[in-house]
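Chain naming follows the written order as A, B, C and D, and within any one chain the residues start at number 1.
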Amino acid sequence: MFRGIYAPIPTPFNRDGEIEWPPLRDNLKWWGQSSLQGLVVAGTNGEAVLLDWEEKVKLFSFVREFAPTGKKVIAGTGCESAKATERLNKAAADCGADAVLVLNPSYFKGSMNDDLLKNYYFHIAENSSLPVILYNMPRNTALNMSSKLVCALSEHPNIVGIKDSSGNIVQIGEIIDNTAEDFSLFAGSANFLLPALVLGAVGGTLALANIMPEECAKIQKHFDEGDLNRAKEMQLSLLEINDAVTTRWGVAGLKAALDQIGLYGGPPRLPLLSLAAEEAEQLKEIMRRNRFL
Amino acid sequence: MFRGIYAPIPTPFNRDGEIEWPPLRDNLKWWGQSSLQGLVVAGTNGEAVLLDWEEKVKLFSFVREFAPTGKKVIAGTGCESAKATERLNKAAADCGADAVLVLNPSYFKGSMNDDLLKNYYFHIAENSSLPVILYNMPRNTALNMSSKLVCALSEHPNIVGIKDSSGNIVQIGEIIDNTAEDFSLFAGSANFLLPALVLGAVGGTLALANIMPEECAKIQKHFDEGDLNRAKEMQLSLLEINDAVTTRWGVAGLKAALDQIGLYGGPPRLPLLSLAAEEAEQLKEIMRRNRFL
Amino acid sequence: MFRGIYAPIPTPFNRDGEIEWPPLRDNLKWWGQSSLQGLVVAGTNGEAVLLDWEEKVKLFSFVREFAPTGKKVIAGTGCESAKATERLNKAAADCGADAVLVLNPSYFKGSMNDDLLKNYYFHIAENSSLPVILYNMPRNTALNMSSKLVCALSEHPNIVGIKDSSGNIVQIGEIIDNTAEDFSLFAGSANFLLPALVLGAVGGTLALANIMPEECAKIQKHFDEGDLNRAKEMQLSLLEINDAVTTRWGVAGLKAALDQIGLYGGPPRLPLLSLAAEEAEQLKEIMRRNRFL
Amino acid sequence: MFRGIYAPIPTPFNRDGEIEWPPLRDNLKWWGQSSLQGLVVAGTNGEAVLLDWEEKVKLFSFVREFAPTGKKVIAGTGCESAKATERLNKAAADCGADAVLVLNPSYFKGSMNDDLLKNYYFHIAENSSLPVILYNMPRNTALNMSSKLVCALSEHPNIVGIKDSSGNIVQIGEIIDNTAEDFSLFAGSANFLLPALVLGAVGGTLALANIMPEECAKIQKHFDEGDLNRAKEMQLSLLEINDAVTTRWGVAGLKAALDQIGLYGGPPRLPLLSLAAEEAEQLKEIMRRNRFL
């Protein structure tokens, strides 16, 4: 049902740190005409932790309104507290989102054992009218959800998949091997999309898909058509630029890249800072070297 | 000015996860009669990340109202976004708090380099009418603020101290050695209070001080009076119970201990869970063994 | 040249911790008749760090003598000191080994920067008559050799490949993408063999290949023949047993599994301990459940 | 019995990487006239992992011969294998050493649970005629021995103490609080010597003591005499130079510092490299700034 490539879209701000709606509409138009299967709103690259409640809800509603009907909209709703997540799930449903992407709470790391997280996610899933997709992002949460935990969570009928950004390909294999056929695993970064597809992933939710939706989609297309060589070539060719807009420069890098290809990136919100001029130049050079500019 | 022992107070909830104000008032009365120098509101043990804006502000105001005038009130205000932190700092000032305790943002770990954090904290300090105390809590944030960074931050006139919960005694020494006389370092946990005092810390902000304020205060008193042997004995005797209400069982353990000594602990908020009956029994046993019950 | 699947063979000991040569000969006969491309002697699973110099040299010589001529023999020679590694490389050459596998030094972690490691490996490669294969094993060394470093090392003409046991599939992609065609990457564990092959790995050096050489070899065979579905099924079916003889129970687990399939495993050397009876039973159950017994 | 400050002495090499005995004799003369309680031979700073068996034994014997009778000699004997450690313990006894310092095995990290390590250390202690001192060095081994494990080990009558280089002051408190009076804890680095003494440590085994034995000894002397202020001042004044010859530049830094104060440092063994000229200059500057040159 959710098969394919998704872009976790950045939230456009102006210099005062306020959301800029018109450029978001323009971006949505561009993404809407692409091969993307859908969009993730208020995920990590949407700077969700820097948005307040009203902003998130308005984003869900705005994106659903201005994204083409055919494109799925997945709302990022995971907060530290169950109450806040539940409330946001309700709002996402009211806004017409197709699913919610729920990052695990992580602040109280020492307490986040498997039993607690199972209790949490089952509670959330019970109380959500939208299907729940798990979101494992250890690079930001410093907490990995093990394959064993994910398999246990997958048994809830309203938990339908996972975006795994761990990049741990063994864990990805274990999840696919030990969950039901209809539990969907999405690669959480373009740099391990093909390996994940080979093991049975159904798609990806990829920062890179914001700026190179066709290239990302082609990896899956080549793979689906059995053209493993071209899939591999495309996969390897995306590694450097993907690193630049994720690990190396994060959201600021992704936004700078959006600006460089003619969409609206703009500045991130404080405490995040825009790329320095020199870094933006290096990014441009990487884009050029890989023939994306 | 802020010298002494502080309790980072838990937020009391009922079974529905709503704040219970009357028992908080009773707790405040007990803490108010103790040797504590003051209280920290909406810190880690206050489950700050599980509270919403209105709840935090009401807590600041309520605690200021019902804590004795002589006790300092420090408001935990650090959020992921600069905007949210600034706004909360203003509210804390309006509520009559004495200082703000600002945890560093940490979700975008890969971007949180020293330059960014310096820009962030200087921005926050510029825009706060209350003195700013840094809060380093790597066990929860998975991000340590180095002594080098802290020394750079200490140069801002409105950044007056740090609660260092790292437990890294070398880092603590480096901070004390390289900051001005009037920059105050507080031990962030009772289990390294004495070693920190020996190197020049001026006090502590200690989960344990919620249930054993006199014992914690005595470590500092013995130390101040040059009675190092008694200070050491008290320090060593607190290690096991401190571990139980911090590392081992966290907020749930601290709340259970409050219940066991006749104050109101109550349940933590979801996703956190109360201690299982068996764990509460083990806690009681530890309290008894160390003669605190 | 080294393409294919290798078994990093365990060193058989008796109850007194002395090497047992006759059972090693029997094991070698069995491996010799398998689809394995060759054997790695004195690697991690050979308990290299528990062997002395004379034992290692005798092992190189014995394995070369009793393994079929067609099978390659790769000698594990990495020591902490350059001098010891060099000396062992000479001995390996004298024993007729085909290549040396050189684990990076790691004890002085704080000093092991890229410049130092480049100086080290170039020095080793200059002074080795056998081709050098790098060995990256961060789970044991607590030190990862980055793709950037590996690419720099690959420029030495006598450094011909790497066994990467990191399991980091992005790093594997980056190495393959940025090294010359004739630089060979081997997956260091069976649990990510297929993903590595898909990105361009030429084989694997796999603990699991000691007990299931045909199954491991079939992953590569199916992949080479374009039968990705069967390759994937075989890959997924090996995850649980592979975990048992690597991450979960290590060398002791691998040796117990050898005993269970009728080869000689025997006890590991102290400080390592044999599996407890109960663990051996669990291992047998895993073997049965996956139809390997 | 072992109370006081020890220097873990570096092994002097010439440019060819061979041990230089005459300068070692000169160094021993200088250390012999200092306030040091004794010397540790073939520890981390002695580059033990880069020495072979014969070199270690000759070092034990040479140091015992040329160190003054009153100075204790502690032999570093921990190897990865029990057999090798046992054999080295016998040699150390034959050479007249006073005790052995036994680093835990660490290569097979995944297997090194508390039960295994207890079995290992009890086996070693049974078979050693010299008293055994544990050596916890997680920065190099990437494996910490917990206070719980250390307390269990302390129950063996021939395990008499620990050199704890973790710097974890809480763990140090827990060990002291839960071991018998006659179990001796030594701080493993000068940068937390005073905090450790305050909690009950009986001395330190300190890289820095090689170049500043009197300053290190004075921390303990001031502490013993109840002059906590001077102890603290000395402690804080040593942090920067200690960092330079441990964390920052390691053995190479320590050897350069020895050269700078007129003793023999010389080059470390490959793969380790001497400080670059620029780094040596920075070190000299730090020495000067802290008035040690």
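Assume contacts are C-beta pairs under 8 Å (C-beta built on N, C-alpha and C of every residue); 3 or more make two chains touch, one makes a residue touch a chain.
All of these numbers come straight from a predicted model, not from anything done at the bench.
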Self-check item: Chain at maximum distance from chain A, centres defined as averaged CA atoms
Solution: D
Exercise. Would you mind pulling out the distance in Å between where the CA atoms of chain A average out and where those of chain B do?
Key: 34
Quiz item: How many angstrom lie between the CA centroids of chain A and chain D, rounded to a whole number?
Solution: 49
Practice problem: Any chance you could list the residues of chain C touching two or more other chains? | Solution: none
Self-check item: Touch relationships between chains, expressed as pairs
Solution: A-B, A-C, B-D, C-D
Self-check item: For the chain C and chain D complex, residues of the former touching the latter
Solution: 17, 44, 49-52, 80-84, 105, 107-112, 116-117, 119-120, 123, 139-142, 247-252, 269-273
Quiz item: Which chain A residues qualify as touching chain C in the complex?
Solution: 167-170, 173-174, 176-177, 189, 191-192, 194-195, 198-200, 226, 228, 232, 235-237, 239
